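You will see two complexes here that share chain A, one where it goes with chain B and one where it goes with chain C.
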Partner chain A sequence: MPKVVYVSPAGDSREIDVPAGTTVMAAALKNGIDGIVAECGGVCMCSTCHVFVDEKFFDRLPPAQDTEEAVLEIAAVERRPTSRLSCQIKVTDDLDGLVVRLPEKQR
Partner chain B sequence: MINYTEKIPNNVDLGRDRVLQRALEHWQPAYMGWWYDMGPNESHNYEVYLRTAISVEPDGWAQFGYVKMPDYRWGIFLQPRDEKREVNFGIHKGQAAWQEVPGEYRSTLRRVIVTQGDTEPASVEQQRMLGASCPSMYDLRNIFQVNVEEGRHLWAMVYLLHRYFGRDGREEAESLLARRSGDADNPRILGAFNEPTPDWLAFYMFTFFTDRDGKFQLCALAESGFDPLARTCRFMLTEEAHHMFIGETGVSRIIQRTCEVMNEHKVEDPSDVRALGVIDLQTIQRYLNFHYSVTLDLYGSDVSSNAANYYTSGLKGRFEETKINDDHVLSEGLYPVFEVIGDKIVRKEVPALTALNERLRDDYIREIESGVSRWQRVIDKAGIPFRLTLPHKGFHRAIGNFAGHFISLDGEVLREEEWKKQEHKWLPDSKDHAFVQSLMSGRVVEPGKFANWIAPPARGINNQPLNFEYVRFN
Partner chain C sequence: MRSGTVIVGTGQAGFQTAASLRTEGYQEKITLIGEEPHIPYQRPPLSKGFPLGQQDIESIELRPRNFYQDHQIDLIDGKRVAAIDRAQRHVTLASGESFPYEKLVLAVGARNRTLPIKGAELDGVLYLRSLDEAVVVKDRLENAKEIVVIGGGFIGLELAAVACSLGKSVTVLEALPRLMSRAVAPIISEFYGALHASKGVKVVCNASVSEIQGSGGRVQGVFLADGKKHPADLVFVGIGVVPNTELARNSGIPIANGIAVNEHLQTSDENIFAIGDCAEHPCVFAGARIRLESVQNAADQAQCVASTIAGRRNVYRALPWFWTDQFEIKLQMAGISNGHDCVVSRGNAESRKLSVFYFREGRLIAIDSINRPLDHMMGRKLIAAGVQLTPAQAADEGVDLKKLAGLISAAHS
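This part shows the complex of A and B:
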């Protein structure tokens, strides 16, 4: 099963086994990762599941669609080049070891 | 005979609940009558590219397609039940969450649900004329999305009233359709929901500030020990997130357009800015001051025995209750509130249990600060030396410890005549409203076109292009 590593703003990391096909957001909620709020329930309508994807993995993700790009504009912590919404990242076997860093705040 | 289980997407087993079906058979026509009378003006024949929730799962949650709003499928959805969920605060902490209304809290719970439910149709009524002055087809679609979802939120509260409160609940559900925003004889329950929403700047401010109050109230109710209320509110929150997106980006786009015009024409004076057909930043600040202060009142008195009772009874929790590290009973602990003594604002520690309204208000303010700082980024990026600020918490308040006092924007206690002299600098006056409305004398509905006073959004809805036909007028 692929693993996803969530890194808190303080630098603490937690590695979670995530079934392929699950979103990075859903896995975070299920495993009680602080720092992913997912106010809209995972339909790309808010920006409270914002993450910074590790550069090694960023180019391996399918590109963000227009709606995700629009919503990232209102992220509580200003977006960076590797910003994504974790509700839009589906974990695959190819992404095993994916590292996402959580912003200091989501709202 | 209407098949309500087909017409009303739901996950409450409506098809097998004859009592609930009968109640809805009576209420649904009355709701449609209200929608035709008080829903968006002249919109009933439009086909609108709307999102409809048909299940609570992410892939069924948001289905997009054209729909005439009277045919919108106002569904009834509760977040899936967690069999192990407990009452998480108050004197019943640790008991299994209630699946039926506890007899001793029946009237209190009903009042809480009615107060929340009353805000939903109220905002539709407040906004019903704005379609005639929309700045684009994209924005028109967005206000309609907000309106139908507020309608669905009314359905959510009415479901609870019908399902759990018998005849009293049915009568309250009818009253929710009888009150009218701003009506002198039968107004909506809360003050902010009787204020007009006369223009699009006010609409965006409302969805940013006042819908966010809705979010915090829903968050507090989503902690309720009465499980159906908690699960209903949890799902409503997902829709509220999009409303706040519309508000935040709407104001942001107005600011962006103003900044573009100021830089292009090298003007700063508000009258020069206005002459170019955009809204000066000073007017935007005054609208902000108004909507923020009116919304702060919605949280109620700073010190409140009602709020304490709701909490102790397990009916309404704090924002993110289960993430707070304390005893969840609040038998001890203090919380700061402010009161006016003479010409000073004095901080005072009161029992935390009595200050729950103030705590929720403070949670809200923190989130508002974050949003306003994002608007400020737009101004900063344009290189314009203007700062948007939030007024002092006591400014222009009608409820709580600051009511009856005259507090300046920066928290100075003034005499009434001093305050009144400066009111026009702090709050929008009739000239401001007339100016803003003069910019919105007609609607812009050619696909891909936007009124001069607002920038286009960065992107369209559901990955559609900006020139997509979001509304078909037929």
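This part shows the complex of A and C:
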């Protein structure tokens, strides 16, 4: 099963086994990762599941759609080049070891 | 040990209050009590992905059960709070137990408005608000063939889209001259009317429903006042909700169109707050006291109250936003368009990329967007900041909303 590493703003990391097909957001909620709020439930209406994707993995993700790009513009912590919404990242076997960093705040 | 905060209601508002209290560093006891026999879950998917089978119960839970233990939140589900004793500061459950509070948050929601006509009690006439009701809807949809939806608002149209996508014959009966008329401009109503029609949904506006007809206790059709009958083996009624105000009213708290609260979301009793679907609050963006039914309203009001209870007294002034998903088209709404006196648009219905800008006395008050997500997101910033944008600028594609919004961020930093 692919692993995803969540790194808190303080630098603590937790490695979680995530079934392929699950989103990085859903896996965070299920495993008690603080720092992902997911207010809208994963439909690209809020920015509260914002993450910074590790550069090694960023280019391996399917690119963000317009809706996601727009939401990133209102993120509570300003977006960076590697910003994504974790509700839009589906974990696959190819992404095993994916590292995402959580912003200081989501609201 | 101090008695802490009691939250009544386990919907989005109640859940978020408990979660935000802990994020805010609140260390006292938190008791979260709800009538539904489930841990807190998201309501929006109940009329979208859940009946389509794209989302199951586990995937719509707001957090897994262990979240509540991990954050020292005492979750009591399947229990109804029957009374508030404000003098003694405790709430009593219908089952008899009582819980003392220092602060009480009423996040008691709303219930479906029922149809006061003959035949409304027949088997096959369904309403949708709770997960239990959604399970019934999903189950009954499986074998149904002809569906009549009474009410062309968000819930009715979302259910119509779901039923149509499942291959059912669907008719929507709307009492007013156009769909979603309380919420959106005619151009948006027309767009969604055409979308539903193109998928095979029959939309009837100005439809005055007079009776639901049945045989052997089961629904067979819906009669209109003009005598026309629309056959149905399943009827969905989505004609709005009524706020749950009885608990507050019985304890002497003033009620308006919902439990009346001030700008801090406090009732007339300073230790009792009301938030979410049940609360009527002063809204700077509407310029009036309003009651909203939305995820944004529930979550932001919860956050505001949690911060106040945790010691940072807060005024509520979050910009309202909403969405609806019907077939493949999401409508994104920012602001409150009530009372608008001018409407302009960008894009057009033909391209399926359209934003409608609403103005009141020359001020931009709301934007509705279809496949123009940047307009929506920038609109939230512009309306929240009260940026002056003229109708002519709003209609001009050459005026870059992102640039305008960027100027606000720069001015505030």
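Please note the rule applied: the second predicted complex is superposed on the first by the 107 of 107 C-alpha atoms of A that agree within 3 Å, B and C clash if a C-alpha of one lies under 4 Å from a C-alpha of the other, contacts with A are read in each partner's own complex, and residues count from 1 in each chain.
Basically, contacts are C-beta pairs under 8 Å (C-beta built on N, C-alpha and C of every residue); 3 or more make two chains touch, one makes a residue touch a chain.
Note that the structure is predicted; figures quoted are calculated from it, not measured.
Bringing the complexes onto one copy of chain A puts chain B in a clash with chain C. Shared-chain residue A:41: touches chain B and chain C both.
Look at A:30: by the touch rule set out above, it reaches chain C but stays clear of chain B.
Judged by the touch definition given at the top, the superposed model places A:89 against neither chain B nor chain C.
In the superposition on chain A, contact of A:107 is made with both chain B and chain C. Judged by the touch definition given at the top, the superposed model places A:70 against both chain B and chain C. Once the two complexes are overlaid on chain A, the chain A residues touched by chain B in the first and by chain C in the second are 26, 34, 39-41, 43, 45-46, 66-67, 69-71, 73-74, 107.
By the touch rule above, chain A contacts chain C in their complex via residues 26, 29-30, 32, 34, 39-41, 43-46, 66-67, 69-71, 73-74, 107. Within the complex formed with chain A, the residues of chain C that make contact are 16, 23, 42, 44-45, 59-60, 62-64, 66-67, 70, 295-296, 299, 303, 321, 323, 325, 330, 332, 373-374, 376-378, 380-381, 402, 405.
Residues 23, 26, 34, 39-43, 45-46, 48, 65-67, 69-71, 73-74, 76, 78, 87, 105, 107 of chain A are the ones that touch chain B when the two sit in their complex.
On the side of chain B, the complex with chain A involves touching residues 56, 58, 61-62, 215, 235, 237-238, 241-242, 244-245, 248-249, 252, 323, 367, 370, 374, 377, 457-463.
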